[in-house]
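Next up: some structures, all given as structure tokens.
Look for subunit A in each of the two complexes below; its partner is subunit B in the first and subunit C in the second.
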Partner chain A sequence: MKIMRSGITFGIIAGLLTFLFGGWSVAVIGSLMGVGLGMGLGSGLERKDPFKIAKDVAPTAVVAGAILTLLSLYQNGFVQDAIGKQPAQLNVMIFGNLIGFLGAVLFTTLLAGMHGLPEKQEQKWKMILLAVLVVAFPFIDKLTALRWTAQIIFALIFVILGLGLNIVVGYAGLLDLGYAAFFAIGAYTTGILSSPQHGLFMNFWLVIWIAAAMAAVWGFMLGAPTLPLRGDYLAIVTLGFGEIVPVLFKNLIDVTIKEPLTCWILPGIIRLFGGETTMACITLLSHEDLTAGEKGISPIGRPIIPIINYEFESSNPIPWYFLIIAIILVSVFIIRRLRDSRLGRAWMAIREDELAAAQMGIDPVKTKLAAFAMGATFSGFAGAFYAAYIAGIFPSVFDFSASIIILCVVILGGIGNINGVIVGGLVIMTADRLFLPALKDFLASLLTHTVLPSISDPVVQLAVKDNANPILYRFLLFGLTLVIMMAVRPEGLLPNAQVRAELHPEDNSVEAATPMAKNSSKG
Partner chain B sequence: MLELKDVHTYYGNIHALKGISLTVNDGEIVTLIGSNGAGKSTTLRTIQGLNKPRSGSVVLNGVELHKLPAHEIAALGVAQSPEGRMIFPRMTVMENLEMGAYMRKDLTSFNDDLEHVFSLFPRLKERVTQKGGTLSGGEQQMLAMGRALMAKPKILLLDEPSMGLAPLLVELIFDTIKQLNKEGTTILLVEQNALMALSIAHRGYVLQTGEIILSDSAQNLKNDEMVQKSYLGVE
Partner chain C sequence: METAKKGFNWRRFAIASLVLYIVFLIGPIVGLDIPVVAAAIKANPLQLVQFLIIGISNGAIIAIIALGYTMVYGIIELINFAHGDVYMIGVFTSLTVLSVTGTLESKDPVKIVLGLIFALVVAIVFCAVLNATIERLAYRRLRNAPRLAPLISAIGMSFIIENIGLMWAAQAWLVPSFGTTGGASQKVFPDMLGVLFTSLGWNINLLASSGLALRLTIKDVLVIVLAVVLMIGLYLFVQRTRLGKAMRATAQNRDAAKMLGIDIDWVITATFLIGGGLAGAAGLMAGLYNNTAWWFMGFRAGLQSFTAAVLGGIGNITGGMLGGFLIGLLASFSDGYLNARWTNALVFATLVLILLFRPTGLLGEQTGQKA
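Right, the complex of A and B next:
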């Protein structure tokens, strides 16, 4: 009965989503719903024969698929008309809904059934299925003309940012409220080094490393004086830093750098001994506009794949999509290794109890500094990709709200858990980039064709039209989501085992411990 | 091996240690006894580098500890089982023990040492996958001691190991301390339970408001009239 209820809920939510997107979206939404529902149902059942599980969940899958299809057909027939759009084409209507229904049923039973396999195999097959979906997604998106890939890429950028911040907040337990500053440093490094505004066209594949290194260096420089601080004090300092960096970039519009040795030191020494000097002063930069202030840097060079000489273009998001997926894979690999290393253990000890960690021989400042610099490195990667992808950077992008959104990604997904952060980034950013704009369009056309004509007062009409824009309320919605999450599920969507154990001691699941002697790298 | 000379430590304006001098020789159990606020824990914290002395010196085998940060002192082989235990609550028992061995360069005997800790505290072995924070008070005390032992310390500082424990557990803990000492670990023991402490220690110091007012062999202290009156409850 319980599984039937979640089936109905999933079906209704997915069906309502098709109202917003229309067209082929039902096919994609149906399949994704199937994956989600199947995983959810599977994990709630006990491990038994896969076919038996599949048989058990089959009725639920069919009901969920049917609800989705019915709502989608209703959308095709009536909603489309009500919001003043052309009714769906017949072939889209038939095949879209058919694929949506079949996708929902197939993926639900498949994924729930996988739970019947032994745990190792279940993991393996789920990974394979996930890989296939990730690879197939942009092509399906192109076929179905949904244009979601370009927005998903933004979500994936925030996944990397979330993964980086997770090192600082999740592993080392340092609250960083100015993380977007490192994102800005990565992006601006890329902008300055590869924009025709400065006549520099450095190769993207080189620049992305320079950007990451720059972010790491700044993470180190900022951390060094501030990290001896603890808790709240550190949060306030990072908050200040997050404010300073965008302002700094906004004002780097008239930069003169003189080489100190020839300009001040040598002449100074000569004058000290009463001599006169007309030594030529070497000026490295003279009244250079580095960032163009509010106007921002644009355009910015794009990556070019050598040998085949393919240049990434903004009209085709698919190569960008695979590039960011590759960056995420590398990041996840590195972060996993870090987490399980000696340094990772030290981070967790610091998070738990700094004094006790020092008594174990861990240098608190060095360890925190490493977390800060490593976290900054990943936002440097994200910044470089971001700058190249949108081919322009503006200081307003990196303000306080960006830091807070990244923090939300970590908290919503599950502090300290890599998979959780990935899910958090995808959920928050697809809501922000896909769902809200679609909802806005939907509401606008719905109002134009239903309520608005019947309002006689033009002032009221305008007010209704202007305020029925959910994008205006995005921060309200973020805030509400966070408040609800903290009240209902404070450990995040996919929590870290340790955090869950602390918040829900009653179901303290026991996991295997790994002796340090086996997996520690000496050093 | 450990020598404190005229150590003055302050908490802000509060003069907590007023010129403490004491020595701990190799292989000894030395105990610091005294009432609340006498400066016992502060002495241990000063040795550990958690509080810096304003003047005076702390020397371990010729190395001046008072000039080093806490983590470097730990690396020199000073391990503490702290008051209030300070275990890592969200790490498992096993992970806590592993943290104890964090500074050791040589991990070849890791598994033997682990077995040793488990043989001293069989309870920890039963709880090995449980989170530190979910252990009972006595188990946390065992974990704190076990973790300190995993560091293979030259000198073990024990701060109130009996605090808040059931009498049976106190006896177990003190038996363990005695056994550890027999195996060659030098121990500096801070204890309010003066009778227990003096019964296992070789020598003792009596602290009162930041000063050492008496030092002698444990046996003599036990028989000292003042000590009996003030700390052993003998009328």
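Right, the complex of A and C next:
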């Protein structure tokens, strides 16, 4: 009964999503829903014979698929009319819904059934299936003309950022509210080194490492003086750095550096005693424009694959997609190794109890600095990729709200859990980049075609029209995410078992302690 | 401390001179070009006094907001991140009240005064209730959670309120437009005090007859007087009344206070009510003084006031006031002599320096583990 309820919920949500996107989207949404539903159902069931599980979940899968298809058909028949669009062509409608339905049923039963396999095999097959889906996604997206890949790339950039911040917040337990500063440093390093502005056309494959190193160095430099501070003071200071760095990039447009001793201190002293001097003033930089201020740096060099000499283009997101997937894979690999290393265990020891950890011979300052620098490194990668992908960087992108969005990613997904952060990044950024704009268009056309003509009062009409723009409520949604997660589920959607045990001390018994050892090697 | 007794500390001197040299070297980038600033002061010394006046007036507003931070931190050790945004809501509330009551169009001095008093009362009540509601919704259930959880919740609340402010500013029927001062969402707050004093036939500049090129307006005086009155009132309240004593007891030791029969929840709610009310009053004052209303203004004000609270010694009411005036002066001199675009960064740099070198602030007590 419980699994039927989640099936119905998934079906309704997925069906409503097709309202926003229309066309072929039902096929993709149906398959993705199947994957999510299958994983969710599977993990809730007992481990038994795969076929038996598949048989158990099959009715749920069919119901979910049917709800999705019905809603999608309704969308085609009535909703399209209400928002003043032509219904989809017959073949799109038939095949889209068919694929959506079959995808939903197939993936739900398949993934739920995999839970019947022994744990090692289940992991393996799930990874293979996910890998196939990840590889196939951009091509399916291109075939169905949904144009989601470009937005998914943004989500993946934030996944890397979330993974980096997770080292600082999740592993070392230091709240960093200015993480976007390192993102900015990575992006601006790339911009300055590879744009025509300063005449340096460095190769992207080199620049990405320089950007990461630069971010790490700055993480180290900003971390060194601040790390003696405790919890919330550290948070405020990092927020300060997060504010100062974009301001710097915005305002470094007319930089003059004169050596002070020769320019005014010594002459001033000499004049004070009545002497005369004509000391030469050493000028290091004179009216130099480093960052182009609000205008931003643009264009920025793109990666070129050396042997076949292929240059990435902004019109074709598929190579970018695979590049960022590769960066994520490398990052996840490094972060997992780090987490299980001596350093990673030291981070968690510091997070749990700094005093005790110090007693056990861990140097808290060094360990925290390493966390800051490592966290910054990954945002350096993300920044370099971002700069090359957008081909233009502007200081306003990296302000406080960016830091908070990255924090949202980590907190929604699950503090300290790599898989959680990946899911969190995908959820938050697809909501922000795909769902909200689509909802805005949908509401706007629904209003102009159906709702507004029926409102006679022009004041109300204007008020409704102005306020029915979900993008205006972005901050509200991010804020709500933080507040609700903190109140209801502070450990995140996919929690790290250790963090959960810490946040819910009341059920901190044997039950909570045993799966910890098992899970922490997995998550 | 021990090395200081052994005579001159060369190492410390070397570090200090190196830091000073770097400041002189890099400083000009942020406008801290000593020869230029010195020349500007020499050319027009009266300007220094002018910036002093502006700094103290703005500092008075900052100090009042800082009191909200410092009281809340003193009692539950939480940086109430949303406090600056409550102040921003105060600005919009008073603007809306002034517009709805028709005070904005009025030229009758009696009506303007009554309208302003009414707006002050509404802004205080509304912000007080808002602040207490925030505590009830977002912080109360996290009181025993790990320390960072309520802070994250507070940041979320700040975002929510900023968004509400953004929506509020967009409603033409709530916030009338008198042209915009900056971005599209930045509204003009009409200069009601100016209108009031012209209708009374007074010159708004008190120093007009002195012949000096200085402006000390009635607005400055009013803002400073109101701020000082509020601060003294708050100080007496905390020192003398029963509730004030309960607050201090709760701040010192929550469990012990509870055992002695103090209703902790009510004391904390009262703290938030008072802090919010002060922010609402500051909102009206700032609106009248600076004549802008912007949904993002709470962020800058919040940052400056929090810095002020830390500078004075967080948890210390007198310290909050002192810090407010100092930060107001710093911001005003930075706006005037360096460059306004660096002021925020400068205030933050001050905050970092205080936290690093004197985390207890100017008037704070030594609390060991606190920072």
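One rule holds for everything that comes next: the second predicted complex is superposed on the first by the 466 of 523 C-alpha atoms of A that agree within 3 Å, B and C clash if a C-alpha of one lies under 4 Å from a C-alpha of the other, contacts with A are read in each partner's own complex, and residues count from 1 in each chain.
Here, a contact is a pair of C-beta atoms (placed from the backbone, for glycine too) under 8 Å apart; a residue touches a chain by one contact, two chains touch by 3 or more.
As the structure is a prediction and not an experimental result, all values here were calculated from the model.
S.K.: Pick one for A:Ala145: touches subunit B only (first), subunit C only (second), both, or neither.
M.R.: neither
S.K.: Pick one for A:Ala346: touches subunit B only (first), subunit C only (second), both, or neither.
M.R.: Touch partner of A:Ala346: subunit B, not subunit C.
S.K.: Thinking of the overlay built on chain A, is A:Leu472 touched by subunit B (first), by subunit C (second), by both, or by neither?
M.R.: In the superposition, A:Leu472 contacts subunit C only.
S.K.: In this superposed model, does subunit C or subunit B come into contact with more residues of subunit A?
M.R.: Of subunit B and subunit C, the partner in contact with more residues of subunit A is C.
S.K.: Look at A:Ile270 in the shared chain and tell me whether it touches subunit B only, subunit C only, both, or neither; answer first, second, both or neither.
M.R.: After superposition on chain A, A:Ile270 lies in contact with neither partner.
S.K.: Given the touch rule stated above, what does A:Pro228 touch, subunit B (first), subunit C (second), both, or neither?
M.R.: Once the two structures are laid over each other on A, A:Pro228 reaches subunit C alone.
S.K.: Would you check which partner chain A:Met360 touches, where first means subunit B only, second means subunit C only, and both and neither mean what they say?
M.R.: first
S.K.: Looking at the overlay, what does A:Leu482 touch: subunit B (first), subunit C (second), both, or neither?
M.R.: second
S.K.: Residue by residue on subunit A, keep only those touching subunit B in one complex and subunit C in the other, then list them.
M.R.: Residues 502 of subunit A touch both subunit B and subunit C.
S.K.: In their complex, what parts of subunit A are in touch with subunit B?
M.R.: So the residues of subunit A in touch with subunit B come to 342, 345-346, 348-349, 352-353, 355-364, 498-499, 501-502, 505, 508, 510-517, 520, 522.
S.K.: Looking at the complex, which residues from subunit B come into contact with subunit A?
M.R.: Those in contact with subunit A are residues 48-50, 69-72, 74-75, 79-80, 82, 86-95, 98-103, 105, 107, 110-111, 114, 128-131, 133-134, 147, 151.
S.K.: For subunit C, which residues count as touching subunit A in their complex?
M.R.: Within the complex, subunit C contacts subunit A at residues 21, 24-26, 28-29, 34-35, 78-79, 137-138, 141-142, 145-153, 155-164, 166-167, 170-171, 173, 299, 303, 306, 339, 341-342, 344-345, 348-349, 351-352, 355-356, 359, 369-371.
S.K.: Touching subunit C in the complex: which residues of subunit A?
M.R.: It is residues 173, 175, 177, 225-226, 228-233, 235-237, 240-241, 243-244, 247-248, 250-252, 255-261, 263-265, 268, 400-401, 404, 407, 411, 459, 463, 466-467, 472-476, 478-483, 486-487, 490, 502-503 of subunit A that touch subunit C.
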